[in-house]
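For reference, the structure discussed in these notes is given below.
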Amino acid sequence: MPPSPIAIVAGVGPGTGAAVARRFAKAYPIALLARSPANYESLVSEINGSGGKAIGISTDVSSEESVKAAFDRIKKEYAGAGCAAAVFNASGPFSRKPLLEMGVEEFGKSWEVSCKGALIFSQAALPLLLQSTHTASTPSPHPPTLIFTGATASIKANAQMSSFAAGKFALRALSTSIAKEFGPQGVHVAHAVIDGVIDIPRTKEWLKDMPAEAKIGAEDIAESYWNLHTQSVRCFTNEIDIRPMLEKW
Amino acid sequence: MPPSPIAIVAGVGPGTGAAVARRFAKAYPIALLARSPANYESLVSEINGSGGKAIGISTDVSSEESVKAAFDRIKKEYAGAGCAAAVFNASGPFSRKPLLEMGVEEFGKSWEVSCKGALIFSQAALPLLLQSTHTASTPSPHPPTLIFTGATASIKANAQMSSFAAGKFALRALSTSIAKEFGPQGVHVAHAVIDGVIDIPRTKEWLKDMPAEAKIGAEDIAESYWNLHTQSVRCFTNEIDIRPMLEKW
Amino acid sequence: MPPSPIAIVAGVGPGTGAAVARRFAKAYPIALLARSPANYESLVSEINGSGGKAIGISTDVSSEESVKAAFDRIKKEYAGAGCAAAVFNASGPFSRKPLLEMGVEEFGKSWEVSCKGALIFSQAALPLLLQSTHTASTPSPHPPTLIFTGATASIKANAQMSSFAAGKFALRALSTSIAKEFGPQGVHVAHAVIDGVIDIPRTKEWLKDMPAEAKIGAEDIAESYWNLHTQSVRCFTNEIDIRPMLEKW
Amino acid sequence: MPPSPIAIVAGVGPGTGAAVARRFAKAYPIALLARSPANYESLVSEINGSGGKAIGISTDVSSEESVKAAFDRIKKEYAGAGCAAAVFNASGPFSRKPLLEMGVEEFGKSWEVSCKGALIFSQAALPLLLQSTHTASTPSPHPPTLIFTGATASIKANAQMSSFAAGKFALRALSTSIAKEFGPQGVHVAHAVIDGVIDIPRTKEWLKDMPAEAKIGAEDIAESYWNLHTQSVRCFTNEIDIRPMLEKW
């Protein structure tokens, strides 16, 4: 019997990445990629302790070598497994800064992670995703899915947000191009424009006088990603927006 | 005990509308609106015969009087019920025609249904939707949801498609405006850009030499609409696109 | 010698329309269409008194009969002339209103003028525009140009702006569809997204504490329209946005 | 008397850059930046020989040092001059390639020039542009203008075009962010979506069976850029599209 297909999440922190990991771990063995082990260690324990199967791998998604090493580890741990779902949730730094004060290298950091990292991750994940399309020998229960997490800045480039927006616009282009190339091969590629503040420890003080509906629930994003994953080959959504009920837009 | 909230589908034919009706009828008593009884009669029987509850009402969505009569009937049949989900799936005629051959009245037909009809339907449905928000006395299990079915022409206006595109662009504007006004009141408004040929009896001969993945499954659209409906107040998607795996875009 | 090609401006008031008329009247005999003679009478005198040639015609652009009568008059006054430039600057009413307080007829007023009016005007003007393409017997000095005036609401549908936005979104669809059909025939079709307050008598009290750069100059829009008109067949711009220096966007 | 403001064009080759340089050299002393002197030498001679004033500087726009050296040279040659217009016309390589065959470094080349280069150039040019706003001591005759040349891929990311599209999407984000930050300071920032084949020596064999109207004229783009430059502070266009009459879009 072929091994179960797996899920891979890059960019696991205390927010969306962890929630997505928990959701997909209900269905698939999972690999969690994050720069620092602190970001995945307790989550790996939690998943393994509650009937799931998870490994965590310290990875710098903007480095080819690092991602290659991570996928080597994945292929060893989950030998022969195709990939049912790969989620790229890493983001470059979010810096608000006047253009003339922006360092060139600093400017590029967002692109390095959001776009170059997404490319490196996609190139590593796509062969595994292709391995579990519905025409492949070990099909995933749902069309294999590659999801990219975008932001308001994916479609709106505000003043002083040039670095973040440039990286996120570029990621959106990459996502669409991959969707058009690999969709016809059976891989479902989707881009999510997360338009609002996600309710995570880091944003605890933001909008604190507002009701809970002013922030996006990380676990709700995860559920939406899962729903994207379960769409059939006759119904691919390539882009969704997500915002909380009280968001002004 | 307050009555169960209901679902209402306008524009029920043999394709998306019927599939959406079947899907939402699994969870809610349902009202089906279509111009001709032939479009809903067998479906009403099918739903009522399989443990659901449905009524069909012959309605011209572009007529205020007709929609008012339909909602009077709904309020009588489902007395006291709020609305959990309202889906506007009606479309004006799809006419491909050189601009100089287009009759002015003919040009307006698409707008009459796609946009004016959507307004009339929304004005009738919104009070019932507001009646079942999570702060209302008889909340729906999920945030009450108003979904509009769009098309490729909602975002792309090709030559000779002026009438259809004008109506669908206008509907998209209406949907966004309603989303921004009623989202903060707890109603989830979503617009779906259906970008491809839906696999229904009428399109049987289209793309017939292509595999099944060249067309959109109506039941898959219905499942996506259901997934929109189940999103929480901390995660509203206001627009999705939908296309089959093999679509060129 | 064939008669000089003419310009036609629909929607002449004290702002953009008048400024566009003045600008194009420097180059072409002109016909001004407005609902009320009060809107064009002094302008017609001004143009005729300063070396130009103008006629004004009382027209309801949302009425086929009225537009037909206007063009009959134009063809009589300017017998045999092709059209070098036609500018549709009419707008339906701008009403900000909660959706549930919006009358259905009232809702449609914006579409009636902005979109249906634009169709009627285009169908009347296009034969005259085609008559002066660079392959026609009486070519215009520049490719014949059809320009539509849009607004912020052409691309952004805010809460309580459903009527205006629906009409303007629909106009944008119409403009694009006409551009794609008639561009290859040599007619340059352009849509202008006017994103800001135009400095006209009616808006005198708006933004009055702000510098002049907070509003759009009507005569500057006119100059931009003229520049669109002078683009060659090897360089058609089909959409521009226009805003004042101080606009937030 | 303060020195005349100057124009600066980066990315001067045999096509758009040269045409833009010729056009702006009619009004301003000019500096031409290109990687190879072969790209500007004859043009510099031509301009200097026909009553204009030009210098050429060999520059790698993706290198901070190189751009800094170029601007040092400009400030020396044109001491005290503000900048009336700066045009960024450089592009990263246009490579059509399956995603899995794309080298990571190769992928980044487009971004390096199109976006990082645009940032470096903008940071060097903006202080000179600010120096000639209409409130500055040595105002330019028109609002100082910063123009970026985009492409179809700025708004459309096709299969196998990921690298080029990612770079151009990112540039568009950068352009908008700069426009929003510096517009209110009096600098007019515009982005041009060049949607079609430009008629230059390199594309001579393309579309050769089609009429001249199937390609974009480089000199026509230049004229459109000039027209953008002449817009007033009460009428900034921040984005235009440009295509030839016969383009399918």
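All chains are identified by letter, namely A, B, C and D, in their written order; residue positions are counted from 1 within each chain.
By definition in this document, a residue touches a chain if its C-beta (ideal position, glycine included) is under 8 Å from a C-beta of that chain, and two chains touch if they have at least 3 such contacts.
Keep in mind the model is a prediction, meaning the values are calculated, not measured.
Participant: Measuring centre to centre with CA averages, how many angstrom lie between subunit B and subunit D?
Facilitator: Taking the average C-alpha coordinate of subunit B and of subunit D, the gap between them is 46 Å.
Participant: So how far apart, in whole Å, are subunit A and subunit B when each is placed at the average of its C-alpha atoms?
Facilitator: From the centre of subunit A to the centre of subunit B is 31 Å.
Participant: Where the CA atoms of subunit B average out and where those of subunit C average out, how many Å apart are those spots?
Facilitator: 35
Participant: Which subunit A residues touch at least two other chains?
Facilitator: In subunit A, residues 180 touch at least two other chains, as defined above.
Participant: Report the topology of the inter-chain touch graph, choosing from line, ring, star, complete and other.
Facilitator: Per interface graph, the chains form a ring.
Participant: Touching pairs of chains, all of them, please.
Facilitator: A-B, A-D, B-C, C-D
Participant: What does subunit A use to touch subunit B in their complex?
Facilitator: 143, 180, 183-184, 186, 188, 199, 212-213, 215-217, 220-221, 223-224, 227, 230-249
Participant: Which stretch or stretches of subunit C touch subunit B in the complex?
Facilitator: 64, 98-100, 102, 104, 107-108, 111, 115-116, 119-120, 122-123, 126-127, 153, 157-162, 165-178, 180-182
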